[in-house]
Amino acid sequence: MTQAHPVVAAALQQALVDLTDLSLQGKQAHWNIEGPGFRSLHLHLDEIIDEVRLAADDVAERMAAIEVAPDGRAATVAATSLVDPMEPGFLPTDKTARQYEERLLGVAERIKATLDPVDEHDHLSNDLLIGIATGLEKQAWMLRAATKDLN
Amino acid sequence: MTQAHPVVAAALQQALVDLTDLSLQGKQAHWNIEGPGFRSLHLHLDEIIDEVRLAADDVAERMAAIEVAPDGRAATVAATSLVDPMEPGFLPTDKTARQYEERLLGVAERIKATLDPVDEHDHLSNDLLIGIATGLEKQAWMLRAATKDLN
Amino acid sequence: MTQAHPVVAAALQQALVDLTDLSLQGKQAHWNIEGPGFRSLHLHLDEIIDEVRLAADDVAERMAAIEVAPDGRAATVAATSLVDPMEPGFLPTDKTARQYEERLLGVAERIKATLDPVDEHDHLSNDLLIGIATGLEKQAWMLRAATKDLN
Amino acid sequence: MTQAHPVVAAALQQALVDLTDLSLQGKQAHWNIEGPGFRSLHLHLDEIIDEVRLAADDVAERMAAIEVAPDGRAATVAATSLVDPMEPGFLPTDKTARQYEERLLGVAERIKATLDPVDEHDHLSNDLLIGIATGLEKQAWMLRAATKDLN
Amino acid sequence: MTQAHPVVAAALQQALVDLTDLSLQGKQAHWNIEGPGFRSLHLHLDEIIDEVRLAADDVAERMAAIEVAPDGRAATVAATSLVDPMEPGFLPTDKTARQYEERLLGVAERIKATLDPVDEHDHLSNDLLIGIATGLEKQAWMLRAATKDLN
Amino acid sequence: MTQAHPVVAAALQQALVDLTDLSLQGKQAHWNIEGPGFRSLHLHLDEIIDEVRLAADDVAERMAAIEVAPDGRAATVAATSLVDPMEPGFLPTDKTARQYEERLLGVAERIKATLDPVDEHDHLSNDLLIGIATGLEKQAWMLRAATKDLN
Amino acid sequence: MTQAHPVVAAALQQALVDLTDLSLQGKQAHWNIEGPGFRSLHLHLDEIIDEVRLAADDVAERMAAIEVAPDGRAATVAATSLVDPMEPGFLPTDKTARQYEERLLGVAERIKATLDPVDEHDHLSNDLLIGIATGLEKQAWMLRAATKDLN
Amino acid sequence: MTQAHPVVAAALQQALVDLTDLSLQGKQAHWNIEGPGFRSLHLHLDEIIDEVRLAADDVAERMAAIEVAPDGRAATVAATSLVDPMEPGFLPTDKTARQYEERLLGVAERIKATLDPVDEHDHLSNDLLIGIATGLEKQAWMLRAATKDLN
Amino acid sequence: MTQAHPVVAAALQQALVDLTDLSLQGKQAHWNIEGPGFRSLHLHLDEIIDEVRLAADDVAERMAAIEVAPDGRAATVAATSLVDPMEPGFLPTDKTARQYEERLLGVAERIKATLDPVDEHDHLSNDLLIGIATGLEKQAWMLRAATKDLN
Amino acid sequence: MTQAHPVVAAALQQALVDLTDLSLQGKQAHWNIEGPGFRSLHLHLDEIIDEVRLAADDVAERMAAIEVAPDGRAATVAATSLVDPMEPGFLPTDKTARQYEERLLGVAERIKATLDPVDEHDHLSNDLLIGIATGLEKQAWMLRAATKDLN
Amino acid sequence: MTQAHPVVAAALQQALVDLTDLSLQGKQAHWNIEGPGFRSLHLHLDEIIDEVRLAADDVAERMAAIEVAPDGRAATVAATSLVDPMEPGFLPTDKTARQYEERLLGVAERIKATLDPVDEHDHLSNDLLIGIATGLEKQAWMLRAATKDLN
Amino acid sequence: MTQAHPVVAAALQQALVDLTDLSLQGKQAHWNIEGPGFRSLHLHLDEIIDEVRLAADDVAERMAAIEVAPDGRAATVAATSLVDPMEPGFLPTDKTARQYEERLLGVAERIKATLDPVDEHDHLSNDLLIGIATGLEKQAWMLRAATKDLN
């Protein structure tokens, strides 16, 4: 059976925690935005959250498949996530989009930094992480495109 | 327009935080269970999580509708949730079911304790909370039935 | 138009009453089971009930088609059904499965005993009853398999 | 955990028995009607039956959720239901509609009479029963409208 | 490969022609009815026609499977069908229902008369014809129920 | 860009107002009918209303496409519609069907009277109105067929 | 059978008229908006209209169920609705959203003012109106969030 | 109400009879083809038949809408259709495709010849016939393309 | 409970093995065909395989229902199946169709030979086998029709 | 068979080329827009593209039906399309909407200019082109409404 | 065109044979299990089998795409598969789950051992095999979790 | 944020242009084929086109995600695509299949040649291109299999 190398286990656990946090910050954004373009972004955030939750699920179940217990409890997430929290309270749409785009790209960057080390020990986990990072970067572009400074 | 009484605002914010935590603990359970009945509970937990996430969404959007900013960020959840975390690591199915049933009933109890005070100020929020608590108690029964001591 | 022979009419009316009772006992079981494997059996029973209700409907409408008035009222069912009632109150899953399997097989046996006499007068009703009995025996196997003594 | 008050338990058990009987009488009507408007009522009755069966299910599962064992077996239904049986044999459509409308309203009236006592002990069961009674009264109107004496 | 006995071939060809004619008379009825219950019967006839067309298709493809060329062309149908044509022009609903019920039962009777001879040579065609006749008799009942003389 | 000729603008605005009124009278009928055939007409009216609302939408959006502001507000409808209101209060099914059939045909006639003048200036609006009138006449036939005097 | 108290009848008739008008004003807005955010609001208004039409339907059918004839004809709506008409002609998106949000909240407020008096006589109608008002306030928030002045 | 001009009535009745015959010849072809490309044409013919049957239905219901009784009975079809019968017995695919293509084009040509005379009296029937002929010509192309002589 | 007669058990086990082999040979054919009509047959084979797999499943579960353990393991299939293997390697479409048609008919013939002996002991298994053989013969016709020598 | 007049052939070929180009420019816009309202327009453009591609398909298949070979290859499109290319590179949302609206209207105008000449020779192609032009004008309005100068 | 290196061809052929055998052993298990958790595992096995069959299909079609003839016939599978057969006869659920988990992991291990050699010659086949192995390991975890020894 | 290396940008832009051209040539083929197997290939080409369009979309959106403006305008495609145009005019099926298979393989080859250089700078784009090339090769096989010279 697959033996989980510590490098792989650590990369997956960090991805799980970051993706979980990303889904919570996404919901926070979904509920608190206001201003022009509200509805469009309100709906778009929910699509991103669905994709992020699915990614977290895939990561956690890959961990279980290689016999590492995933930890996605609130306290663990709050303590170890590298995602900055969104600002509290109602938030204008453009600020929301920019803040969330940064967080999406941040998680994508951290995942990409683990690809080569992970690939040395586990081609299967590597392939899974590539797919997730590609999705995060695409969603980030869509938020970026919506808030481009055109002056 | 509806004026949000502090009693209503507080009850909804606490429900939001508890329900969000419940969804995270549910996922933790979904990924870490093992033992007889694994698959059945693995799938059942995902149905409960869908229902709990929907409830959190309805609560947060009711808050926004009465002009209270909902706060569902990881740090806020970790700091103010009244839900006990699940045990870490892989967990047998029966223990998982019993622990999660307790958490479901705990949230239902706390919501029921706010029904009369909330109803004094806001019939609409009250009606929403009643529906959520009914659902939690029904799901708790299904977990309880599965782990009843029959001796 | 088809003339309903008394043998055919009696066989169909008995099947109707037994199948109706089987659906009520199935719901009783669906609500009152508890113990390991609860959810799996809880859901399975609902599938069986759907199939049994459909069978009762087909039998009753065949009766109407050959101009015999079907009688599926509660009092008639209680008085003429040959299905033993389930035990009252909450019931462990294994006991539930065994009791309900017996009832399924009992109805199937009684239907099979009428096949040859019915076929003498009405090939069409015979064909309908064969399909119903096959379905009941298959469902009985699935319940039996789940409670096989493996020691 | 919710403690079931005897008033609540009794109201729910009676509702369960009446709704179950209502579904059996509805099927009896569905199979035995004849005369003008046959098909329309034949199909309408099946929609009512689906709704009534769902209501019975919700009541029984609420009982289980508050730890009261529901009893919906044929003998119990025949012995304790307060619903009058439909006339036996084939029945004209208008008579069928009028008889079944009375039975629907009868069950709705009995449920409404329990609302205030139940609400004293259990807001959640009360909310469930309100929804069921509203549905029964709407279906009763549709049957009544079809048989109004227009002279 | 299956050798088609002339008895089987003849029974299937006659069933094909009668079923095809039944579908044309059904459409004629569907377009020309008028009077109370119009819409209900208008829709019901289309359901019967769908079922009858499917039956014709099954018969013709069974013929091809046993290497007998089916003939369902207009002239053949007009010349050999044993179904009486509907009255021309707009037709009251009750008359329509009664005329079409007779035609359904007529085809069912003729098919049933061929069951035993066919079964001697081909169990498979026999089984197909049984299913078709059962369906025709059920639809005939539904039309008959709607026009029952209730005085 | 398409220049809207006054003849076209006026024809579309009148169609919009008449179709909107037709949908309101249709709902009035849907809620207030009673008597034999109630359910069939109750459901049929809802299908007609869906079709009529869609037609109103198509007309209004064609107006916007040719830069004419559509006016479908309650006061405008009440003041300029050429559709007679239904009788108030509960209404027998046959009277309802006849009254609503007249209103459907009235709107169809007024639309057909504008086809040639509109076609001189705008083939596209003409094609849209033809489709709408065809639909209204088909629905009128179905109501008419149901109330034909058969004596 | 339920006896309709005049207080209940009046509250439901006013709600019916206001909701019907709200759906017409919503369509007017849907067709005449222009400016930034056009498409998002154009689609959102159609979702609100669907919800409002369903609410009007539920209110009218509750009235029929308690034997009060609903009146939703154009003239009645124009004469008794308390909803202010939208401005005529093409209208900028922000103005449209603000005007329609006010109308949604106005109807919600008027419904909420009738809740306690209605509940004294009819728990079932009260429950229906609570659900409708909750929906209107949620939709109003979504329009408000989209037009928040962020300076 | 629309008055049906004899020219319109005759054109529609002939179209009805031809389309009905086309559907019967199509089924004959569907059952009797054999040779290379069998399955593809077998399935394609069923799609054409669905479209042709729908066209016949639209024509017949347009006739009823303008108060002309449609006649689609087998004897009428056999006596007045202008469609040549397919050859009897099993038939090679290419011959089948060519024979059926000719019949499709023949019906399209006859319908097109009636367009201008019909349009003089009834724009609505004209529009319906245009749509039908367009569909027939498209299906004919697909059959022709499949049997093109490529030498 | 049903007692499985050895004749019935043997007939079902042989049918299971033959049907399983038929599905493997079908996949072999699906992957290795090439030449004119490739895609059509490639897709058709997958439909046949779905039907054959379903038949194998039904047979195996009937065996379990009468308490005979089905054996569908690769070695058992290879050793006891009476189906000839397809030729290895890429294979022209016509050859593929002819070879697979023979195999379908071979299995159907062997099943038909067991019908009467099986029916003596078990009407239910007999009915199941009739349905399977009918399906195989229909699929065989469709392959045969596609490769008929037309010279 | 339909003989394609050169006027008809030319009008259809030009429409095919313009519609194909419109779909490519639409994808260019879909990928390169940025700025406020990004997501809404991004999605709207994809709906327009689907509609435009379907129109191109209908035109090309009408050409084939009247035996004119359609030419939609990249070089032909680039050489003969009358649609101006979009500006290269990322493009602000408002500019994108205005540029694409002009292109939609340009194609609609060119198609409308061919309607009368085409109708002289081919009513069927004329009807097809009317439907396409109506769709293009409706989509153009939606883009125009979103960029209206409101000062 | 892609040239298939013998290393790639051999790896794919072995994977095809192992996956085919895995699907047969899975069906054997699906039909013969009995004991606690029967239904859950019975259904789970069917999901795994669907996934395994799809994988076999993808492998075989990749082989064809690089011009290697896949061989999945029963005799080839029986002779060259490296999957151990399941035990014959009815089998307890836990034993079934453990035996099948081992077989899933065995196939995954053998596929993983070929990844690097395959990747040297064909990135595309490598990517396909990675996806398949990831799926097998995930399914193995779910079976393992269900049978974990918790003492 | 991801920095797009020129090698990656160039590979993606070329893939975009080639895939867009492939979709246009595919439509050309879809409309102009004729001869044996027409319908099968006509439908197959549309499936390939859907897959190719989706691939173009994924490539263009990956470019935007890494901040490179994609260029898919008609002139750019005509000028820089490396795909040879299909022959003009109606084209026999076998020639169509062979010509289009070559173009599919050509694009796949050019994409595969960029995999290693792209992978040096961007694992994510590399993974996307692998998936696209695998799909093109599979579709090419299906066309190739259909036109294999079997002599």
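Just so it is clear, A, B, C, D, E, F, G, H, I, J, K and L label the chains in written order, and each chain counts residues from 1 on its own.
In the analysis below, a contact is a pair of C-beta atoms (placed from the backbone, for glycine too) under 8 Å apart; a residue touches a chain by one contact, two chains touch by 3 or more.
Please read these numbers as outputs of a predicted model, since none were measured by experiment.
Shared contact partners of chain B and chain F are D, G. Between the contact lists of chain H and chain L, the overlap consists of I, J.
More inter-chain C-beta contacts link the pair B-K than the other of B-K and H-J. Between the two copies, chain C and chain G, the Cα superposition rotates by 120°, quoted to the nearest 5.
If you average the CA atoms of chain C and of chain F, the two centres end up 52 Å from each other.
Per-chain Cα centroids separate chain C from chain H by 50 Å.
Per-chain Cα centroids separate chain B from chain G by 32 Å. Residues of chain K found to touch two or more other chains are 36-37, 40, 61, 64, 90, 127, 145. Pairs of chains meeting the touch criterion: A-B, A-G, A-J, A-K, A-L, B-C, B-D, B-G, B-K, C-D, C-E, C-I, C-K, D-E, D-F, D-G, E-F, E-H, E-I, F-G, F-H, F-J, G-J, H-I, H-J, H-L, I-K, I-L, J-L, K-L. Within the complex formed with chain A, the residues of chain G that make contact are 36-37, 40-41, 44, 142, 144-148, 150. If you check the complex, the residues on chain E that touch chain I are 1-2, 61-62, 64-66, 123-124, 127-128.
Listed in rising order, the residues of chain D touching chain E in the complex are 33-40, 42, 90, 92. Contact residues on chain H toward chain E in their complex (touch as defined above): 20-21, 24-25, 27-28, 31-32, 56-57, 60-61, 63-64, 69-75, 77-79, 81, 85-86, 88-90. For chain J in complex with chain F, the touching residues are 105, 108-109, 112, 115, 127, 130-131, 133-134, 137-138, 140-141, 145.
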